[in-house]
Structure formats: C-alpha cells, structure tokens
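One chain, chain A, links the two complexes that follow: it is found with chain B in the first and with chain C in the second.
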Partner chain A sequence: MSETAAAARIERPAIFEERRDQIRRIGEGDFSMACNRDSLAGAVSQRACVFCGSRVVLYPIADALHLVHGPIGCAAYTWDIRGSLSSGPELHRLSFSTDLQELDVVFGGEKKLAKALDELIARHHPKAAFVYSTCIVGIIGDDLEAVCKAAGERNGIPVIPVQSEGFKGNKREGYLAACKAMRRLVGTGDVSDVSPLSVNIMGDFNLAGETWIIRRYMERMGVQVVAGITGDGRVDDIRRAHGAGLNLVQCSGSTQDLARMLRDDFGTPFIRVSWIGIEDVAESLYAIAEHFEARHPKLAAGMVERTAKLVREELAALMPQLAAIRRDLTGKRAAVYVGGSFKAFSLVKAFRHLGMEVAVVGSQTGTEEDYKELAAICSPGTIVVDDANPLELSAFIREKDVDVFVGGVKERPIAFKLGVGFCDHNHERKIALEGFEGMLNFAKEIHASVMSPVWRFVPRREAGLNRKDAEV
Partner chain B sequence: MLLRHTPKEVMDRHAVTINPAKTCQPIGAMYAALGIHGCLPHSHGSQGCCAYHRSALTRHYKEPVSASTSSFTEGASVFGGQSNLLQAIENIFTIYDPEVIAVHTTCLSETIGDDIKQIRDKASKQGLIPEGKHVIYCSTPSYVGSHVTGFSNMCKGMTELSESTGRKNGKVNVLPGWVEPSDMEEIKRLAGLMNVPITLFPDTSGILNGPLTGEYHMFPEGGVTVRELIGAGDAIGTLALGEWCSADAARHLDTKCKVPCKVLDIPFGLAATDRFIDTLRTVAGTSVPDDINRERGQLVDMMSDTAQYYYHKKVALCGDPDQLISMVEFLVSIDMWPVHIVTGTPGKKFEKRIKELTAGIPCEVNVRAAGDMFLLHQWIKNEPVDLLISNTYGKYIARDEDIPFLRFGFPILDRVGHQYFPNVGYKGGLRLLERILGLLLDRKDRDDPETTFELTL
Partner chain C sequence: MSDATVIDSESGYKGQSHVATTNACKLCTPLGATLAFKGVEGAIPYLHGSQGCATYMRRYIISHFREPMDIASSALGEKNAIYGGGPNLKKGLLNAMRKYGAGVVGVATTCLMETIGDDVARLLAEFREEFGDLPLADVVHVSTPSYSGTHMDGFHGAVKALADQLCVEKAAPTGRVNVMPGFVSPADIRHLKEICREFGLTPTVLPDYSETLDGPALLDYENIPSGGTRVADIRAMSGSVASLELGRAIGRQATAGTSLESRFGVPLHRLGLPIGLRETDSLFEALKDISGRPVPRELALERGRYIDALVDGHKYVSGLRAVVYGEEDLIIGMTSFLAEIGVKPVLVATGARNRDVAGHIRAACGDILREEPIVREGVDFFDIVEEAGTLSPDLLVGHSKGQRAAREWGVPLLRCGFPIHDRFGGPRLLHVGYRGAQNLFDRLVNLVLEKKQTDSDIGYGYL
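After this line comes the complex of A and B, so read on.
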C-alpha cells in the first residue's frame, strides 16, 4: 500500500465526534482527556459493568461461596473464566446462580435467594458468602441486605451482599462495591500473632501465580504477609487484614478504596506499588523496606540491605536473559490497551527494557490524572485513548504499524486479523507476568509472538518481502 | 480434585443452579444476528451484558465479534431506554454504517418494559434509519428459556423482513439452527451438490471463520443478505432444522408469507442426515446425486469397520436440545448407550423425545431438561460412563472422573477446529465417528496392560 493510500485510509478512523477529547496524540496541543465517562449509546465499547468489576475483585477468595443473584447469564459468563489460582480450596471455581425465572421477576426473588443460601452453606461449608446483585435485582427491588443478614444469622457465617447492579456505572463502581463488601470482614479476626513488619498484598489476583512470587519476595525480605487481597485469598486472612503494618496497593482502581478505608478506620498506611517491569518492582520492594526501617528501626534493621541483595540477585539472573531477547526486539513497536491505567504505565517502562516503543496506549477506566502521567512518560506522537472501540483500535494499530498488541480477550482476534502479535496481560494469561521472573516471562511471550514465523504469511508482509527480493 | 465439592447423593434443588448447562437469551440472538451480512447486533441494556456476550463468542470462535450497546445508566433504568435506543440507532448508522441493526433486549430493558417495536417505528418516523437500511429486533428476556430461545427469537425477527410478492422464486429456505459456521458451509455444499438453490439463514460462515487478511473488517464477507431475507417470503418451502432453534421462525414465515415448512432434526449422524437430504429432495423436486450417495456409503462403511468398539459403551451428554436429540439418535444407531442426558434449556418435550429415542436401551436412562452440570456429575458418580460429550465446561467432570471427553456444543473455549470442520451431513458423521473412536481407543491404549497392548485396530 502506498503511503498516501495508507494515509487516506486512516484519515477517518471511525471516531464519534463526541469522542474527540477521549483520544489524544502526545505533542499536539494541550494535553487534557475526558474520561471515566459513560460509553455512548450505540458504541461498540470494550467496557464492562459494575458486576464485572466486583466479580473480578472478589472472585479469587477461594473458600467463600460466590452466589450470583440474577438470571443465569451473569453467572454463566463469569464461571471460571480467569486463572485466580488457589493453593487450597477451589469453591470459587464453581458457578452458583439463583437463575431467576419469570415468576421470580414478578414476585421477587428474596425467598429463592434465602433458600439457595441455606442449601449451599449447608452443603459446602464456606467461610463466608458473597451475594452479587445484578441489574434485574436492582429493578425488582429485592432487599438483599435483609436476606443476607438473616441468612448469616441462621447459618452462622458472614453473608455479605455485594451491591453490583450492572447499570449503576462501569467497573470502577464495581471495585468500590467489592471493597465495601470486604470491609465488612476486616477487623473480625484475631491479629495477636501478626508482626508489625507485615503487609497485605492488595490488587493482585494470582491469575497465574503472581501472588506467590510476591510472597516469596516478602519472605526473603523478612516481611509477614497477612492477606492476599484477593490473590489466593482466604476469608480468615481478610478478617485479620487490619493487623498488617502496611498495605501494598497495586492497580489504580480495584482495591484502592479498601486501602483508604483501612487507613481511615485502622490507621494502616498504604503505598502504591507495581509488580510489573523492572524498575517498578525494585522500587516497590525498596519502598516497603524503607517504610519498615523508618517505622521500626530496630525490628526492621537490615531490611533495606536484604532487599538490595534480593534485587541484585534477581537482576543478575534476569538481565543476561533479557539482553538476548532484546537483540531481536529492538526497534519494534507495541500497542497497549488494558483495563486499568496503572498497568499501562508499567508496561510502557517494561517495553523499554526490550528495546521497544509503545506507540498506542489506552485503557478502559483511566482517570484524567492517569492519562496526564501517562503522556509524560511516552514519546511525542504516541496515541493515548480512553475507552476505545475496535475500529479505532485497528486504525491505530495500522497507522503505527505495531508489531504486538497487549490487551484482553476481545482484542486478541482483532490483532491476529491485522497480522500482528498479541499478549494477553489480562484474565487469560497463562504464565505469571509479575515480579522479576514475570518480566522474563513477559519478554519471552512478547518475543514468541512478535518473532513468530506466521507473520511472514500476512499478505502485507508477504508483499513487502517480495518487494525486497525484487530489489535484490 | 476440582469438583470434590460434588456429593454423590442427588437431592432436589429448586432455588439454585450450579454449573449451568445454559446461558442467557441475548447471546443466542447475537450469534444469530452475526449470520446476516453487514449486520451489527445491538444489545439494548447496560454495557456489561454486551461485553460478556462478545467475549464469550470471541472465546468460542477466536474471531472479533462486534456488537453495540445502549449503555444504560441509572437514568435509563428509571425513565426507560427509548432515548438511548434512538440515539444508538442514529450513532450506529452514522459511524459504523451497517446494512442492518439487529436489536435484542436484556433482562434490564425487559423488566423496565421497553417496547422495541414502538421505539423502532419512532426511529423510522424521525428519519434515523437511512433509506435502504433496516432495524430488526426481538425480545430476549433471560429469565425465560435459554440462549437457544434467544437464537430462535432472532431467527424469527429476521423473517419480519420477508415479503411475499405472490410469485415463487424457486428457492428453498433452510434454517440451520445453532450450528457452527463450518456446518452452515457444509449444508450449502450439500444443497449445491443437489442443485437446490437455498437461502440459508442465519449463515455465519465467512463471518466467524474468516481468513487472516491483514485487515480488520467490522462486517466481513459472508452472511445471508437482506435481499435474500426479503426473498425468503417467496420461497417454495422452508426446512427448519431443530424444533428449539428454528421452528418458530419457519412457522411464522408460513403464517405470514404462506411458505410451507417442515421441521426436522439437525442433521448429525446417518439417519438425521438421510431425513434432511430426502426432505430437501422432495421439496425441491430433484434427485440425490451420486456424490452424496457415495458420501453416505463411506459413513456406513466406517460405521461397520469400527462397530465393535462402540458396542454398549455408556455415554453421558450435556448440551442444547436440538443438538442432543440428533446426537443421541446417532449414538443409539451405533450401539452406544446414552444413559445420562442433561440440557439447561427448559422443555418437557425434550425429555419425552429422548425417552423415545433411548427406549430400546436395556438400562435406566436419566434425562433432564432445565438441569445443570452439577446434576450430570452426580448421575455419573452413581452410574459411571465410558464417554462424556459436552461443551468445554465438561472438562472438570472428565478430569475428576477420568472419562474420555468429546467437546461438542457451545461454548468450546479450549480447542479449535469446530469453526472449520463440520459435524453435520455424512462428512460430519465421519468426523464425529473418527473423534469418538479416537477417544475410546486412546483410552484403551492408555489402560491396556503391556501384554495386550495392540498395534492394529
């Protein structure tokens, strides 16, 4: 395709007039973004709902019962669709639904819900039950709070309503609803054996074993982990979460609200961390060590040093392997479209270690501030986008001629249709992508996808190769 | 074991569904709508449903799936979704420029009582639907029926486009039911061999099994065209494959345009394919060509070559009514014993039909409509089987109980091939046999002691 033809084709990358200020090119005028807006009616949005947000946050709590109160779909689509590995119980991997029928919609679903809870708790003996409300429950007006309270008293476990009616917003509101639900558990467990040098790992979901990697780092530094919130999560751990000396919050949205609640209610400080990339992981570990050394100079003595040693050892193992991969990837371009913008930051930096540039970056739920920060670390010309549709994404991928796309399930086939590589940095990842070993896994995955011989058979590359042959 | 949470005793359950064997109506409507050329499915509700449906279809087909949403927020849920839908229609035609928008409802818009027909008419009056473009719709409340019902409802919605000019066009309508794009392609090939011009709808071949072109098209080539759907009213007859998926639409077309219809089973296996070919032949007034007879002969040949391996093997199945009915008939015809059969879709008719098909089996047959996979697992614990046939979610049971497992139905999330290799027709029968045989013999090879470990069939 000639350059002008290419330019003509991308001239009008199907953008709603109303969406102009949700898309920016760095270096072109003032940088301000409109975001966290509702998707337009009629948009082919990649966004999800409140319920989805709550479900992904609470789902990894493996010894809880997760009952979806609503018609069958909402439960069916969230049945074990992501990793969230558990080292023990796996009750979370079953799908429980009240499967509301027409009569329930007319007469209300409260009785059915109560019955379902009694039956399930008696059979499966969960440590707690989460009851998710879906859109329809919000409309028919079931009193979830009352049904849950009564069921909890009858059965002797916490039965917690999650107010996650889908239409009440997007995933962010779902995160908040999940945090509110967990907050009810925190503070009810015994913390007498919790060390001051202790943390909760928040905002990692152990999709492919990441929580275990972070736990190992904490162990080497001499830090006790009280609760994974919610990676490899357990109800009893969360009940004790207020005992931790520090909360480590990853991911801009998902568990930040809970961290704030714990700070306000129990005085637990929190820091924002990222377990993706190299600098971000190292900085996070140092921040933890420095925090504890400053607060508990005696108790934590030597922690910074231990951390430095850990980082040194890990980097010594990692860097030579990265160097080999970097040789192949230098100069290649990536597009990043992820759920939360925190991940976008870390990925931009991680790609630099691979010699790659991020040419398109976006998220479903970033805030204006997020995007400003993002713009600050990207090069001029980079496209920044909030809540993109498939036509926009594909137009940007072509315009920037990227080699790999990092996204989620709906983006994968689009990338493949365009003949570019893909990496799932979302629910469907199969290998751990966090920590130093996660960086290596990430590099390998990008390498595998970008360097795959299959792209030689993509028509436009085949044409390119032929042209080169002809020139020779 | 992942499913250690499943106890053996079966108890009555009325309040809770565990590990569903169905999903909700809109996804069926969305899948059907994708089988129209240039169609953008539209989900009238909040954005979550639409995102889930698209993701689920994408996981099954490994293809981009576009659909738009009315993006309900709190306001819409109080005041109704009319303004959302009007705005959506306008936006969609302006930006994405499809030929057709196929609107389906969700639990939310159904419960608040939006009247889609009235809104569509309003959009039409306000000039929001450009000349020559169309908005079709159906109602898909998920608290009724299942994804199969939604599929059927959208098929019926398509027939709203059909018109009768009073002059027959010599074509036969075929409603394939909820089958894979590969199956739809195979049905077209068979009709082509018989020289019968057909209108197949929906037709997702080319749309959900497209080639890599290096380009992304929101509306790929393929699908039944609007013009063909309009012409369906002038067809000489309709073959509706599958009572649950296709019959409503076919009957509606009969009432509306006087196109006589025959409801058949989906042509999986020998007998159902025979009936399909024979009916097509009769309706179109042609004869069956040698090519098709040869394919039939090949299937019978493979059945005879391998018959001993199927003999009285017990099978558990989970899936959708139409698919299970033909599949059970096929299994019985090769001397296998389907003993546990579950569908999540309600309908006592299903239980009756399965009972009839399995009447000759000398052991107890468990069958349940509106059941779930938890129940199926419990049945299997009580009466073990040699083969499990279900969608991907059966893999938990297969692993726990160590049973050979044939992936069949929707969704298949963890394998490929269903997009490309058909199960319908005689060729499809060959493929089913090959896969079943492979599973049984792999198991035999795995379990045989070294002394009797065999080289040859």
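After this line comes the complex of A and C, so read on.
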C-alpha cells in the first residue's frame, strides 16, 4: 500500500529547474544526461572544488611534503582527512599551510612561501614537495612556478606546483592538475630492475589498507608492482612508474589523465579496473593476466591459471559467508551517491550479491558515458543523478523508500534523519571494502546497519510509512 | 631564528617561532559565521565564494555534530572571479529562499570574494530592488576574510551582524534577557536556557543551535531543521532588560552586546564562559541582579554537590600538569576550572592572536594559581607539542586535534569544545554551569583512574 503513500509524501518538486536534465529515471524516454557542469548556486551541492580534487589524489604520497599555499582553511579541513595508510613514513598526515594573512594578500605571498618551503624541507627531509595553489593565490598573482623552481634548486628536491585554485572548475580539473604534477616526477627514476610483468596500481588510495590487498593479489599472480598511485605512495616509486608494463586505472576520474600521459609519452598501455564487488575484481585480475600472457607468452606463462586459482580460493572462502548475510538482506533497497561513477557501477553489482537492488544512484563527477553505462545495468525506475544536493537526495530516499544509503560523511546525516541505514564508502572509511575480503566487509557493514533494531524506533517506521512494515 | 623575526615584523605575528603553519590550532573565519547563522530559526548559512569552501566546512561540522549542516554557496567559477560574483549571489539567494524555504539567509564571504572585492552590501541592495516584488527572506551579511582572524572572529562577527541588521528599532520592553553564549555546545545552550528560566527569566539566546545542530529523530526530513532563535525575538532584543555576553577574550571588540547597549541602552554584562565554580558564580550573581531573585534551590544544590565532589576527588587530580589549547574563551574558562580543582595548567595555547589570554587568566584565577602558565597565542600544534615537550604534562585538555600528542606522550586527553571528531557525543558535552563543571570533573577523574588501572600490573578493583 505504502508505495503510493511514500510517493504522495513528496509535496513539492525538489528538483531545480536548471538541474532537470541532470536527473533521470531509467525507462522514461531516451537516456541522455547532462553532467560535468558548474554546480548551481544556492543548491548546496555535495561537490567540492579544484583544490579538493588535487588534494585527494596526491594526499596519500606519504614521503612528500604537501604545503597548502593560502589562508588556513584549506589546510585545516584536509588535515589527516583520509584513511590512506602508509607502510612507512607518514608525512602526509600532517597539515602544512602558509596561513596567508592580510599583509601577505596585499604584498604577495611569494617570500613567505619560499621561507616556509625552506623551513619545512629542512625539518622533514621530504623526497619531494607539492605546493597547492588555493583560490586567492590565483588572484594575488603569486608566481608559484618560479618560487617552486628556485626552492627546488636550493633544497635539492623536486618542488612541484599544483595549479589547484578552487574556483577554476570542479573536482575534475583538480584531478588533472594532480596528474600534471605527478607527471613531472615520472621518468626520473631508475627502472633497470623492473620486470616487464609489472603494473602501477592507479586510482586506489590505500584506504584502510586496500592497496595492500591488491598488492597481495599481484604477488600471487606473479606481477611486480612498481608504484601505488597514490595508495601507500612514494616519490621514488612514482619516478619509476614509466617502467611498468601496464597501468591499472581505477577511479576513472582521478588518475586516467596520468595514464593517458604515460601511454602517449612512454607507450605504457592501461586498462580500467575496479577493485569493488566480486565480478569486477575477478574480471580485473583476469584482464591483467590475459594482457601479460598475450604480450609476454613465455614470461607470463601460467598467469591466467594462477589467477583462476586465486579467484577460486577467494570465492570459496567468501561465498558461504555471503550467503548467510544475503538471507537477511534479500529484497532490501539501497541508494548510492559517491564521488566517482566507477564505484557506483561496481556497487550496483555488489548489491545484487546481497539480494538487494539499487533504487537511486548518482555521483559528483560522472561523465555522460559513465551514466549511460550505469543506466544499462540498473532496473527500470532507478533514479540516476549527477551532482545532487540534500533536497534531491532526501526526496529520492523517501520516494524509493530505501533501507540503506552508501555515501560519504556529508550524506550520512541525510540518511540518518530519514531513519535509513548508512555505509561510509568514502575517504574516511576505516574498513577495507576492496578485493574479495573487502566484499565480505562491505556485506557485514550493510548487514550491521540495515538489520539494527534501532530503525523500528525511528518516527517514520513507527508511523508505518515503510513499505515492508506495511506488508508484514 | 633571525628569519623568523623578519617575518614577525612583516606580518605582525606573535608567538609563532616559524614561518609555516603545521597542524593549525584554529579554523577559518567563515566557518564560525556559518555556525552562528545556523542558530537562527529558518536560516540557511550561505557562503559567497567557490563551492569547495561550503563543502569542506559542512564535512568538518557534520563530523562533529552528526547532523545535517547545509551551507549554500554561490559556487563561483573562473568567469565570476573576473567579472564579479553578483549574478551568482543573486541566483543563489533566490534558490536558497525558494527551494529551501529559508526565512533568513546568512551570507558570509570567503577569501576569494574578499580579495576580488565584491561589494556584497551593494549587491544585496540591488537584489532587494530587482526582486522587490517577491516575498523575500531577510538577508544578513558579514564580512569574513579567512586571512584575517579565526573562526571565532567569524562567529562573533555573525552574531553582531544578526543583532545589527535584524534588530533595528527600539522594541517595547519584553522583560527578557539577551544571552550571547559564544561558541558553546548545544547541551551548553540548553543548560543556559534552563538556568535563566530557573531565575524566572525568559532568555533570547543568540545564536541558539541547540536544536538545529542536535535535533530529534523526526517523521520527515526538514530542509531547514526546526529550532533556532526566532527572528521576531532578535528584533525584540532591543526591548530586553539586559544582555549577557559570555567570553572574556572578546575584550573591547564591538559585539552584539555593545551594539544593543549603545543603540538601545540595553545594559550589558560581559562575563567569562561560565566554566568551573567561580566563573559560574559570576553568571549567577548577574542573574540574581537582573532577576532580583536568589539562586534557585535546585541550582544551589548542584553547586553544593559539585563542591562535595571536588572534596571527594581532589587527590586524584591534585598537582597534575595540564596543557590546555583551543579557542581563546574556552581555554580561559577551562584554565579557571583546572586551577580550582588543583590541576596545574603549565601551557595554555591558542591559534588566535592578540586576545590577552594571559591577562584574562590572571583575572579569572590568578589568585589560585601558584604559578602562571606559559601562554601562547597565534600558535599551531607544532609549537604546542614543541613547547609542551619540555613541560612533562600529565594531561591534555582541548578538542580532538590534540589526540596525536596525547597518544605520543601516553597521557589522557580531556576532550572538550569543538571539534570532537574521534569520539561520540560532542554536541552533548556539557561545559557550563555547576552541572557542566561536575561533568568535566567526573570525566577528568575517570580518565585519570582509567589510566592508573590500565597502567598498573595489579589492576586494582577499588580506586
């Protein structure tokens, strides 16, 4: 009964006129989607800025100095913000800023930046320094390139400007700025000991140790990992990244630009992978093995077989445990709103293994191509949204009456206020959600939230507005 | 060192011994403004700047309060930086009013727009003229360049802007009392309201985010959460019998309190944050004066129980050496509390500058302190850790960001203030009043006991 009751609760059209073509319901007309636009003023976008894009990509490089050139906010809000683990140095977990003051804004911040660099490099001995430009640096006209070049020469390490002024586009431009910064390092290291059967793990940030899960798979397959880009990242590894035989690109937005540059400049092929779910992980591993067997038949002989064995072993351990969880979750519904659309894609499939359907799916930075692919694997009626806001997300959660929301910290209170479970699949997560073991963790996370008895006490459920309660 | 001296004179810095800031002990100015605006009924905080600022601040604030914190943004792009952000500001305001149903939009500026030099006051006047035929919400505006001051300046600035721009006429006497509590927790605001009512006074608390940032589970999602200071009550603040403004470090700054006093003759009581026994006593003295009533029995009992607890627990904490850090007003209050219970504050530090924290500590508890703590303003956690490293502290007192140092030194951290990112229940931490002091004291003693029990080989069953 409450299908209609839930629908009737949407009193006002939550959709901004200007954003009408950034929201689609699958099965209603042609699927074309507008995206990669500037966010609408006053709409409370869940997006961040160019600086954010650069900062998230470079952040996990643990032995580099990350200096934010600007007033204090941008550095303060990104201090130890991600769960990106390091197996060694942890310089990335500190927050460095030039903390520009009024006089710096009037007279320019170049001198202060140069002194800050000298001081921090002498104190921390980093392998390289990244200097992030923030909004006002672009306005006051500091010559970042010149200051960084001189500081690099004085201190004997690469000092690399990141052109990440917040207002100069959205998160995607930030990804590109980060890739350009990293490109300056690639090609400067010795690759004489790099095997042809080698990869760079790109677009994975070692949240809760996820890169290490992938590294262990590579080891079992007989593949050398040259660099984590940037999970558990090291400057010297990135310098050698051109030596890898293949680039594995996850998180389509963040590092694909670098993969393209390496393909064009060094001839390194790349494939898109996803380390989330079951089929996507298995397919990614097979694709790597098949690539190497085709290219180096002798050297890589048996790799596909080793991979098959790996997948078999992992699934044998995983599937019985999933089955128990699936029994409880079958028929439940999920909403997914994440930064990059690749993740949304994998999550839709992952939820199927839990017997669940994704009724709302969206991302901050997806491309039209991404959304078309998404639409192709979702059921009719699924809402697909680009660059959403709390008004839309809360309306969609209500309309589709979902049981769990997958997103980041900014989305969590929207779900909780509506009495809906939540799973943090963003930078702050402390539980590994990648690889086969990550799939099990994911299932446990969803189960722990959805099956909690607390939902029966929240007003919406008490009032019987829930479809399933009504059916029971 | 000589380099540092040069920089000091260039930018007028004090206290910081180096050029770069490492692990800041402050936040940027607009963040404080958004929090203050969030405490007004029907209000949506709005940042005139690029999209990232709003999103970063939302994330930071949500991680503490675990509540929705919508901040609208002009979402400025590159062409706006060249031609000005006026069109985006107007469009953004309309969206915030129409789609979110905002009754008040609290506009704060980011460093981008301050640097470009958008004249927001003029743009708002234009906005009212252009859309004068529509039922427009109130728009309150505060200038918050992040290269000047800290989030506390943004907070106080926004509170003053609300009083200045919404309370513009002398209202008929209301018998109410205005309370500007400063940046305290939702639990603190609730307790302050309760205290006023116990004295028979009806408070207008500005800002009051006790419900908007710590709300109940509800039947439906509210685009703008219920609660907050009513606009009608803000307009009527000029008719109150008195104003209480809490926070010693506000100093001689022009504030909401001074503005209401100078424009409408509302007598102003400027007090410290009522943390610990004597700062709370001062608040109660003021309330006795204003209400003409004695301290209500329930509250007197809380005071009595607190003193009883101090006696029972004094030996657990006596002589412990504490490092206190955070916002200027909070650290003065916490230092006063610690001095009263026999803990020795050895270092008191803040990222804010020129707040005369040392002078205010002397005034609040100089007669109890056997030795004045080292006071540092304009410092970051690099300074704090460096300085404290030579002071062998037993205890840290402040927000979550001291966690790394506490862990490194193996000493407990008494979490208080904002942000609490690594524990649950930050918005419900009570600091003020005798009850707040009791909570702080209980938590502190238990932190000490827990460490004692964990560290001991014996694992005492009685402590």
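Please note the rule applied: the second predicted complex is superposed on the first by the 452 of 472 C-alpha atoms of A that agree within 3 Å, B and C clash if a C-alpha of one lies under 4 Å from a C-alpha of the other, contacts with A are read in each partner's own complex, and residues count from 1 in each chain.
In this section, contacts are C-beta pairs under 8 Å (C-beta built on N, C-alpha and C of every residue); 3 or more make two chains touch, one makes a residue touch a chain.
Everything numeric in this text was worked out from a predicted model, so none of it was measured.
Using the contact criterion defined above for the overlaid structures, shared-chain residue A:E90 touches chain B, although it does not reach chain C. Legend: residue contacts after superposition of the two complexes on their common chain; A:G302 is shown touching neither chain B nor chain C. Once the two complexes are overlaid on the shared chain, A:S394 sits against chain B and chain C alike. Looking at the shared chain after the overlay, A:C52 reaches both chain B and chain C. Applying the stated contact rule after C-alpha superposition, one finds that A:A41 touches each of chain B and chain C.
Residue contacts after overlaying the shared chain place A:A75 against chain B and chain C alike.
Common to the chain B-facing and chain C-facing surfaces of chain A are residues 14, 16, 38-52, 67, 70-79, 94-102, 104-105, 112, 115-116, 119-120, 134-136, 138-140, 166-170, 390-391, 394, 409-410, 412-414, 416-419, 457-460.
Within the complex, the chain C residues that touch chain A are 3, 7, 10-13, 18-24, 26-28, 30-31, 46, 49-60, 62-63, 66-78, 80-81, 88-89, 91-96, 99-100, 110-112, 115-116, 145-148, 150, 215, 217-223, 351, 401. Put simply, chain B touches chain A in their complex at residues 2-5, 7, 13-20, 22-27, 40, 42, 45-56, 58-59, 61-74, 76-77, 84-85, 87-92, 95-96, 106-108, 111-112, 141-144, 146, 210, 212-216, 218, 344, 374, 393. Interface residues of chain A facing chain B in the complex, by the touch rule stated above, are 14-16, 38-52, 67, 70-79, 81, 90-91, 93-102, 104-105, 112-113, 115-116, 119-120, 123-124, 134-136, 138-140, 166-170, 390-391, 394, 409-410, 412-414, 416-419, 457-461. Here chain A touches chain C in the complex through residues 9, 14, 16, 38-52, 67, 70-79, 94-105, 111-112, 115-117, 119-120, 134-136, 138-140, 166-170, 390-391, 394, 397-398, 408-410, 412-414, 416-419, 457-460, 463, 465, going by the rule given at the top.
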